[in-house]
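Down below are the structures I want you to see.
After this come two complexes, each holding subunit A, first together with subunit B and then together with subunit C.
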Partner chain A sequence: MTQSDPIFRLEGVTRRYGNLTALDGIDFGAEDNSYIALLGPSGSGKTSLLRVIAGFEAPDTGRIWFQGRDITDLPAHERGIGFVFQNFALFPHLTIFENVAFGLRNGATKVPDAEITDRVRASIDMVGLAGLEDRNPDQISGGQKQRVALARSLVMQPKLVLLDEPLGALDANLRERMQTELRTIRERLDVTFLHVTGSETEALAMGDRVAVLDAGRIVQYDTPDAIYDRPIISDVALFLNRFNLFEGTLKDGSFHGAFGAAPVSSVRANDSDVYAIRYDRTRIFDTDASDLPGPALPVRYLASEYLGSSIIFLFETADHKTVEVDHHLSLGEPRDLSVGQNYILSWDPAQAIVFGKEAAQ
Partner chain B sequence: MSAAIGKRQKATTFQLLAPGVVWMILFLVAPIMMIVYVSFWTQTTFAINSTLTLDSWRNFFASEAYVGALWTTIRLWLIVLTLTFLIGYPAALYVGLLVKSKTVATVLLVLCVIPFWTSFLIRVLAWRPMLGKEGAINIILQKVGLIDTPIEVLLFSELSVIIGMTQIYVVFMVGPIAFMLGRIDRNIIEAARDLGAGFGRIFWKIIFPLSLPGVVVGAIFVSVMVLGEFATSGALSGRKVNLLGNIIVTQVGSLKWAMASVVGVILTILLGIVVAGFLRIVDLKREI
Partner chain C sequence: MESKILKPILAVYVGLFILFLYGPFIVLSILSFQQGPEGGPQFPIIEWSTYWYQHLFGLTPPSRIAPLPVGEALVRSLTLAFMTMVTATVLGVMAAQAFRKRFRGAGVVFYLIVLGMMVPGVLTGLGTSLLANNVVGIERHWWSTAFLAHVVYTFPFAFLVMLAILNRFDGSVEEASWSLGVSPITTFRKVTFPLIFPGVLSAMLFAFTLSFDEFPRTLFASGRDQTLPLAIYGTFSVEIHPNIFAFGVMTTLFSFALLAVYGILMGLSVRRAKKMAMQEDIA
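Our next item is the complex of A and B:
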């Protein structure tokens, strides 16, 4: 199989709970042997999507294809798709070894005992838990449970593993280490990971490609840098949490908002007129500055957050909207700001992304 | 400093424990010791004196009726225990696991408890018009034409005692099992499905082992109550079934304190063995 053959494909998958539409006609195909991050805010339907693919829930309409086969009506235990739960869902009464061996012992195909032992040991080795085989799940740490859950899925040699916010229950330090490890493990095996997350940094860092889910629909499916640099609609820019978004009106090639009028070179189709400028492209000026690179947004300084490599400055506009400026410390020392003082924010209009109801181009 | 704190904590622990310990000594340990002691007293027809003797113990094991009652008690206990498990487990599985809504599960559990609103004796006696020679079951079976003559074995037999006890005690099996089943993380079951296990495998490898503490607690409840039973067999067996409990009642009734104590001690030892045996199956302290 080449990289571009879809390992699984969704065709118009819809799932409703009463009046709530969790999945709204999703069409989606995932490349074989790749790491796909599925990014969505809570309530966007990402867990529903995983559960439908795994077979824990049936879609109301639509078909699901896996390895060229229609599996829509196949029960979960016959699909051969791995699932890693957010709370790990280890079997509390079984040892680590028996947890990992469960699928081999209890699956439809009989696996000889010697092969079970070999495969379980190899799988436990791969996630770096050798020596803990005889422990019980309540005798290991959260990070180790995560690895057991992963080993338990991978020992079945699935072609697709669904990970439901797998790093959500881990602390920040461990999360970063597991990010790298998940990628390394996946690259060693011929398997596709579909990793659901609500964290935009996690999605952009981990995915070969990122699918952005919003209100039960996949709104953008692209490489992380494309998503980051060219969000297709304003909602995607909002999830990325890297853009100041302004409402306003787009008319005759210029955008009118809280910052006055700014020239617009290109416009992306969107439900409403939105002007987006990245935090790290927004700069701070005194109120009497005369060398502004573009539009002038009058703001009041609120607070700052020190992040080590950069500082986030928080401002408030006249209509009480919070605006953020990300100042990377490699660009030099930040200027001293006094809380409550007024400043002007400005930016190069060419670096803004404009979304409009009437897409000009 | 820390030694002083340790000392004070020890004193507090002791003070907190004292009322319970005193209570247990006065009303549990002392009476049991007394029963053991009395079982060695000398019983004459109309009097009892504290000269120690093994006579009552010898009489118990020499009498076919008494030893027979011991075996009947054990046999009925095993049958009722098995039946309450076989009937109770599926009910608990439905209430604790298969019913998705917590409200419906609670309502169903309350329904199980509703019979307890009537007195124990009424619940037992209510089986008489059901099982009797001219009782509801015989009438229906005759009307339907399945039988010509009434089935007499239904009432005043071991069968009626078993039916009565099973009906009364099954709820003590359902409750603890349903509770344990309700605590199982649904993700665990889905994880097992995802790993390729069908329903049977999931039940035997995941659900049943995880519900075992509930089964053990339920079994202990049922055992303790059935082994000490005398009322159900008294009311439904027509005096044909004698359990250890019935012997104690008649012996006390005829002021044979020594023999009543012997049976009491045997019953207590039997209960001790049964409960200890069940507790060996699971480590309840870890589960609850």
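Our next item is the complex of A and C:
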């Protein structure tokens, strides 16, 4: 990926609703011509952030820059930033063709009819909806509506398109297909997508870069693999839904938790002591095993989930905390476990990520 | 078991309800076919005839009963109702639109608007006429002071109708339009208005019918030239003939025609409303 000037930049953007701070002094810049996923749990302020960038809401403090221009005080219709809604927000009283043509027809600059027809047709072709131009929005499926919403936005040739959980209203199959399609479409055009999602798989799969939002702040902005391998704080590890997290205390170079003491080589700054090990790095042993690679966590086996390429085993610790183990089937047949039986989980301590208050000082 | 007792009771209740609702009109329609010019406004029907309808349109030979002086009043009332309808609906839509955003003093403004339909009509009429005569110093006319009183009265109805409609309106289509570079004014014209049109139609119907048969406010505020309800009331003070009933039937039929037009226009825009509802379901 090539680094370039930011297409848009936020400077200390804060947005409050009464006592609630949705955006807490956000500083953020996004590379031109890239796919950025904005990941955050519900209530993290991710939709507020999009609405502030789009101009639907004004920030309480802070500035917004777009293509080198301060657009903080510019109304939404003068910003030239596309927006794709989760509920599609198609114009129900217009045909698909007129939905896509809407911005060209009613915008500030007059576009000749012939050009409108050409551009609308090209745009509808691009999202693969040729032949449906004369349908009404209530005569097409959810996935098709999503494409119309996208075509409607892209026909205006924006440099930035904001997508607010665009796949949230689609079923799982369609969601995966649209993921690939969104990426392909974006790559064909010189445009930046800022895609908001609450799904960590979607964010990691789609973004050239992923920004993780937590409690109104962007806590990490990096490539998907960097976020996956090196979550910067324990909350990020928690959203990723790929780590077993243990509370405990960090003292004198080792972490004391439910698994006993484990040696620690490096510590990341955090507001509490947390020990994280990835699901697919956690391994299962019998209670009498002697060749453990590291700490020993006594657990009881609960259930398993078959995912096609891997199996997730669910265990419970003595203090009723659920621990997951992801066994990839390419690594060989999984063990035969019996429900209710006790096992030991262990891992290579070098692969764990340790967060600690100590490092913050 | 329960429904075996409850159903007949409810049926009787509904029957009585409808009888009370339409009883006066039915009696009125029957009596309008009384024989004329001797027949009076009471039972029994001496002989069935359309005499009073002919009398209404001046098609009968001259008799001692003067033709109903309603021609000009009818035109006046229709014009006034139309003016009121347009003004009240425009104001209603604009005010309801303003209430989509919370603003300081919204609660107070809401009650101030709704007060217009709460205060006793006679007092509003009297107040309007006093204000015109003694404070501002202008003459009272049906098209000035009475018009004002009608707008004050009907505007809250139009406002409440539009408030209910806009309350259910999903604003994301408007935001979508803005994000496509379309100004808020064009957005209102091309997106919001077509989608809230069924509501606008209802607001118009309310304003028109309320103004058309408005009596207490008009009584003092209209000045010299009378509107239809006042003109009809005026004939009561002399002697009642079945020609008033015939006229009543005619105006009621006119109202039905109006409702039919409303129904047709509504039916046309319901398709749009359906589409809107489907989009909301997905959301």
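What we mean here is this: the second predicted complex is superposed on the first by the 356 of 361 C-alpha atoms of A that agree within 3 Å, B and C clash if a C-alpha of one lies under 4 Å from a C-alpha of the other, contacts with A are read in each partner's own complex, and residues count from 1 in each chain.
By definition in this document, a contact is a pair of C-beta atoms (placed from the backbone, for glycine too) under 8 Å apart; a residue touches a chain by one contact, two chains touch by 3 or more.
The structure displayed is predicted, hence computed values, not measured ones.
Asks: Clash or fit: subunit B against subunit C, after overlaying the two structures on subunit A?
Replies: With subunit A aligned, subunit B runs into subunit C, so clash.
Asks: Give one of first, second, both or neither to describe whether A:136 is in contact with subunit B, with subunit C, with both, or with none.
Replies: After superposition on chain A, A:136 lies in contact with subunit C alone.
Asks: Identify the partner contact of A:169: answer first if only subunit B is touched, second if only subunit C is, both if each is, neither if none is.
Replies: second
Asks: Could you figure out whether subunit B or subunit C reaches more residues of subunit A?
Replies: When the residues of subunit A touched by each partner are counted, C comes out ahead.
Asks: Answer with first, second, both or neither: which of subunit B and subunit C does A:249 touch in the superposed model?
Replies: Neither: A:249 stays clear of subunit B and subunit C.
Asks: Does the superposition put A:199 against subunit B (first), subunit C (second), both, or neither?
Replies: In the superposed model, A:199 contacts neither subunit B nor subunit C.
Asks: When the two structures are overlaid on chain A, which partner does A:80 contact: first (subunit B), second (subunit C), both, or neither?
Replies: Touch partners of A:80: subunit B and subunit C.
Asks: Pick one for A:157: touches subunit B only (first), subunit C only (second), both, or neither.
Replies: Once the two structures are laid over each other on A, A:157 reaches no partner at all.
Asks: Using the superposition described at the top, list the residues of subunit A that contact subunit B and also contact subunit C.
Replies: On subunit A, the overlap between the subunit B and subunit C contacts is residues 54-56, 75-83, 85, 87, 89-93, 102-103, 106-108, 149, 152-153, 156.
Asks: Along subunit A, where are the residues that touch subunit B in the complex?
Replies: Contacts found on subunit A: 54-56, 75-83, 85, 87, 89-93, 102-103, 106-108, 149, 152-153, 156.
Asks: Using the touch definition up top, name the residues of subunit B that touch subunit A in the complex.
Replies: 185, 187-188, 190-198, 201-202, 205-206, 209-210
Asks: What residues on subunit A touch subunit C, complex-wise?
Replies: The contact residues of subunit A facing subunit C are 54-56, 75-83, 85-93, 102-103, 106-108, 136-138, 142, 145, 149, 152-153, 156, 169.
Asks: Residues of subunit C touching subunit A in their complex?
Replies: Of all residues in subunit C, those touching subunit A are 170, 172-173, 175-184, 186-187, 190-191, 194-195, 272, 274-276, 278-280, 282-283.
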